[in-house]
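Two complexes follow with chain A in common, the first pairing it with chain B and the second with chain C.
And now, the complex of A and B:
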C-alpha cells in the first residue's frame, strides 16, 4: 500500500482499500449469524429424527427389511405427516403453496397472507389512532390521567384468547364482516404500546421549549401541534414497531375462534385438525416473514420522516 | 419621557416549596424607559432570572405592582410585546433554522410568504444568511443562540428580554456576540433587559446596571454607565470602563458580605 505512487500525501484510504475493509466487516458480522443458522439446522434435523423416530421405526419394522441409521434418518425426514417436519420439507411446502398455487385459490399461502395482512393493517391503523387519541387525552386532562391510565393497563392483563371469541360473537351478531372483528382484536393488542409511548413522547418537551410557546401566547392546540406531537414522533415509531407485530399476532389470533376459512390463523387451525404439520410450519414461516416485512415497512417510514425532521438515520 | 416600558413597585415573589417558603424577590422597585439597555447582575439565586420571568409573565409576583408597556405582564405577553431569549437556545430540533425563526410568526397566524421574508430578514440581521436550511444540530452553540435571537426578533417586539443568552458560550464567541448585540441595539433602538453574571459583559453592553443580591432577592444598587455610543471591544481598556466595572464589583462585594 505504501508503494502506491499517489498515496504519499493522501490521508484518506483509497477506494480499493475501503472496499476491502467493508467486505471484511460484512464477513465478520455475517459469521456469527451463519454459525447460529448452521447449528440450528443441525439441531433441527437431529430433532426431526428423534421426534419422528418411533413411528418411522414401526413403519420400517413393518416392511420386514433390515434398516440402519441412514434409512431411519431418510424416512424421518420425508414423512407425509411428521411430528416435526425437516427444514427442507417446510421449504418445499412453502414453495408449493406460495409459487405453485394460483394466488387467489384457498390453497395459496399468498391468498391467506393477504387476508391476514388486511386485518393487520386495518387493526394497526385503528390501534395507532386509538393509542394517540388516548395519549393526548391523558396528557391534557388530569382526570383522564388518573382515571383512564389504570384501565388501559388493566385491559392488557386480560388474555387476548379470552376476549377474542366474545368480540367475534358480538360483532358477528351485529352483522359485521370477519375483517371487522379481526381488526378490533388486532387493535386491542396494539393500541397499548402506542398509548404508553405517546404519553411519554407528548411529555418529552423541555421546560424552555414550552415556555417559549407560552411567551407567544400559543393555545393548547398550537402547543400540541407545534411542539408536543413533533417531539413525540421518535416515541411513536418506537411504539409502532412493537405495535405492528402485536397487531399481526392479534389478526392471527382473531382468525382462530371464528372458524374462518381464510387467513394464516385459519390455515394454522385446519393444519392442526388434519395433522398437516408441514402446512402449519409453512403458515408460521409466512407469518414471521410477514412480521419482518411489516417492521421493515415501519422502519422505512421512520427513515423517511427522520429525513424530513432532520434527525440522523 | 413617555410611559416606561417596565414599571415595578415594591414587587415580591415567594415560592411555596415543600419544606419552607423561599423569597425569590423582595421589595423590587425598578423603572425602565424606552430604548434603555439594562443589565441585571448578581450571584446565583439573587432573583435576576425570576425578575425577568415576572416581566415576561412566566412567573406571577405574589405582591406589589408591575406594568409592562403600561399594562399587566399577561396583557403584554398576549400582545406579544417582547421577545425572550433563553439561557439555552431552545430551538426545535426537527425544524430547520428558517422554520425555527418562523415559529412565532406561524403561531400568530401570519401569511406564509410574509413569515418567510420576515424570518430571512431577521437571520440576515444576526449574520446567518445562507444557513436557512441547516438543522440546529448542524450549528455551533454560538450560531444556535444567534438563531434564537433572530427568533425573538421575528415578531418585531420593542422589548427584548435576554436571560444569560451567552452564558454557555466560550469567551471569544461571547465577545463577538456582545459586539453584534450592541450594534443591533444601536440600530434598532429596542429596549433590552439583559440578565448576566459577567461584570464585563454587563458594563460593555448596558447604559444601566442593576446589581442584585440573594436571600432574599433584592436590588442593591443601580449604576449608571456613561460609555460612549458606538463603542467596540477595545472600550474595555478605557478608564471609564474600568471605573464602571469597579463600581459594579464593589457593589457586588458589598452585597455578598451582606448575605452571609
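And now, the complex of A and C:
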C-alpha cells in the first residue's frame, strides 16, 4: 500500500517526459506546415485585395468620399460577390450553409454532400469489386493477361470523365435514378487503380511460398484464398486510397451537366451560373473535406484490417 | 511446327467468320431473336478467339508478336460491340456502333478538328505550366528543408481533394477562352509533379550520396550529377499521370463555359441534342490524342532513362515453367 504512491511517483516523470517528447515532435512537424498555411493565408488576403481592387475602387469613388488603404482592404474583404472571397468570408458561408440551414433543405451543404457521398461510396464499392474481379482474372488467365491488361492500362489515357454527362443522360433516359448513373462513372474511374494494384498484389507472393503451397497440393482456389489475397491486402488499400478520391471526382463531375438539383457538383454549377463565388468556395471546401475524410476512413480501415491480420502497421 | 500451322489456320477462320458476321449484320436480314444462327456463330467465334489468344500468349518472339495478342483482343472487342449493337438494334442514343462513330467522325471532321486544336492548345499550355512550376517548387523545397516539411503534408492533402472543382472559379477569372482551361490544367498538374519530384530527389541511395560527400561535391553538383538523374523516373511518372489529368481537367473546365468550340463544349452541346455518335467521335478523338501524348512521353522516357532497371533485359527466370492443372 505504502509503496504504491512511490511507484506511481517514479513512473509519472517518465510518462510525462514521453508525453513531452511526443508533443515536441508533433510541434516540430506541425510548425513548418503552419508556417506555409499562414503564408498562404496572407497571400490569399493580399490576393483578395488585388483581385477585388478594381471593382472596390469604383465603388469607393462612387461614394465620393476620401478613402485609404484601410477602407480599400476592408471593402475588398466584405464584398457580396467578390472575385476572390477572403478566407473568413468562405468560412462564414460554409458555417451558414452547414450549421444554420436545416440539413434536409437544398440550402444546406450537408444535404448536397450527402447526395455526392452516396454516389461516391456506391461507385467506390462497385469499382473495387470490378477491379478485384478483373485482377483475379488477369492473374489466372494468360489470355486476359496478354490481351486485356494492356487495354486496362491504355484506358487510363482516355478522358473517361468526358463521357460523364453522356452516361448520366443515357442511363437517366433508361429510367435509372441519378444515383446509379453517377456511381457508374465513379466505378469506371475506380476500377483502374484497383485492378492494376491488385494484379501487382496478387503476384507479390514469392516463388518459394507458391512452391510450398504446391507441395501441399493446394488447388488454385486455395492458393488464391490463402496466399494471394492476403498478400495483396496492402496493395488493395494503397489502390483504394487513390480510387476513393477518383470516385469522389467522378461523382462531382457526374452532377455537373445534367441539370441535377442536388450534389456538390450541382452546387458548383449553380454557383458559377449566378456568380455566387462564396457558394462555389464553400462547396469546394466541403468537397475537399469529404475527400480528406474518405481517405482517412480508408486508412482507418487499413489499420483495423492490419490489426486483425496481425501484420505490423 | 504444326502448332504454328494450327494457329495460322485459326487466324484465317477467325477472320472469315468475322467477315461473315459483319456482312450479315450490316446487310439486311433478321435481327435480335430472329437470328439465332448469328448468335451461335458469335459464341463459337469468341471460343475460337480464346483458344487462338491462349496459343499466342505462349509464343515467344519479337516485340511485334507480343503486341499481336492485345491488338487482336482490341479488334475483337470492337467487333463484338459492332455485332451486338447492330444485331440487337440497340438505339443509337444509347450506344452507337463503331461504324456509326467512324461515320460521324468523318462527317463532322470540319467541326471536330478545330475543337481538338482548341482543347489541345489549352492542355499543352496548362501541362507545361503546371509541370514546370511543380518541378521548380520541388527543387526550391528540396533546398530548404523547412519548406519541404511544410509543403509535403499539404501536397498530400491536396491529393485527396477534387481539385477539378476549382474549374468554375478559374473560368470566371480567366474568361471562356483557352486560358482558363490551361489554368485549370496547370493547377491540377502542379501537385503530382511536386510530390513525385520530391520523392524522386529523396530516392537516391545513401551510399551514392556519401560518395558525393567524399568528393566534397556542392549541393548543385550533387543535384545535377546524382539526384536529378535518379529522380528522372519519378519525374516522368508525374509527366505521364499529368498528361491524362490535364486533358480531363481541360475538358471538364469546358463544361463550365467555353467559346463555341473545344472538345468539352462539343460533348456537352451534342449530348443536349442527343447526337450521341458525335459525342463518341469527340471522345474517340480525345482518347486518340491523349494516347498519342502519353506515348510520346513514354518514348522520351525510354530514351532518357534507359539505364533504369525497368528497361534492362529481363533476368532469365529461375521459376520452373508453369504446369497446367
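General remarks:
Note that the second predicted complex is superposed on the first by the 298 of 313 C-alpha atoms of A that agree within 3 Å, B and C clash if a C-alpha of one lies under 4 Å from a C-alpha of the other, contacts with A are read in each partner's own complex, and residues count from 1 in each chain.
Assume a residue touches a chain if its C-beta (ideal position, glycine included) is under 8 Å from a C-beta of that chain, and two chains touch if they have at least 3 such contacts.
These figures come from a predicted structure and were not determined experimentally.
For the composite obtained by superposing both complexes on chain A, the positions of chain B and chain C are free of clash and fit together. Once chain A of one complex is fitted onto chain A of the other, the partner contacts of A:230 are limited to chain B, with no touch recorded for chain C.
Note on chain A: of its two partners chain C and chain B, the one contacting more of its residues is C.
When both complexes are overlaid on chain A, the residue A:69 reaches neither chain B nor chain C. By the touch criterion defined above, A:147 reaches chain C but does not reach chain B. Shared-chain residue A:292: touches chain C; no touch with chain B. Note on the composite model: angle chain B-chain A-chain C, taken at the C-alpha centres, equals 70°, rounded to the nearest 10. Touch criterion met: A:215 reaches chain B, while chain C stays clear of it.
Look at A:29: by the touch rule set out above, it reaches chain C but stays clear of chain B.
Between chain B and chain C, the smallest C-alpha to C-alpha distance in the superposed model amounts to 7 Å. On chain A, the surface touched by chain B in one complex and the surface touched by chain C in the other have no residue in common.
The touching residues of chain A, counted against chain C in their complex, run 29, 32-37, 51, 83, 142-143, 145-151, 154, 156-163, 165-166, 169-170, 173-174, 207, 219-220, 241, 245, 248-249, 252-253, 256-257, 264-265, 268-269, 271-272, 275, 277, 280-281, 283-284, 287-288, 291-292, 294-295. By the touch criterion stated above, chain B contacts chain A in their complex at residues 56, 58, 77-78, 80, 82-84, 86-88, 90, 92-96, 103-104, 106-108, 135-137, 155. Within the complex, the chain A residues that touch chain B are 206, 208-209, 211-218, 222, 226-227, 230-231, 233, 309-312.
The part of chain C that touches chain A in the complex is made up of residues 50, 53-54, 56-58, 66, 69-70, 72-74, 77, 93-95, 146-151, 153-154, 157, 159-162, 164-169, 171-173, 243-244, 247-248, 251-252, 255-257, 263-264, 267-268, 271, 274, 276, 279, 282-283, 286-287, 290-291, 293-294, 318-319, 325.
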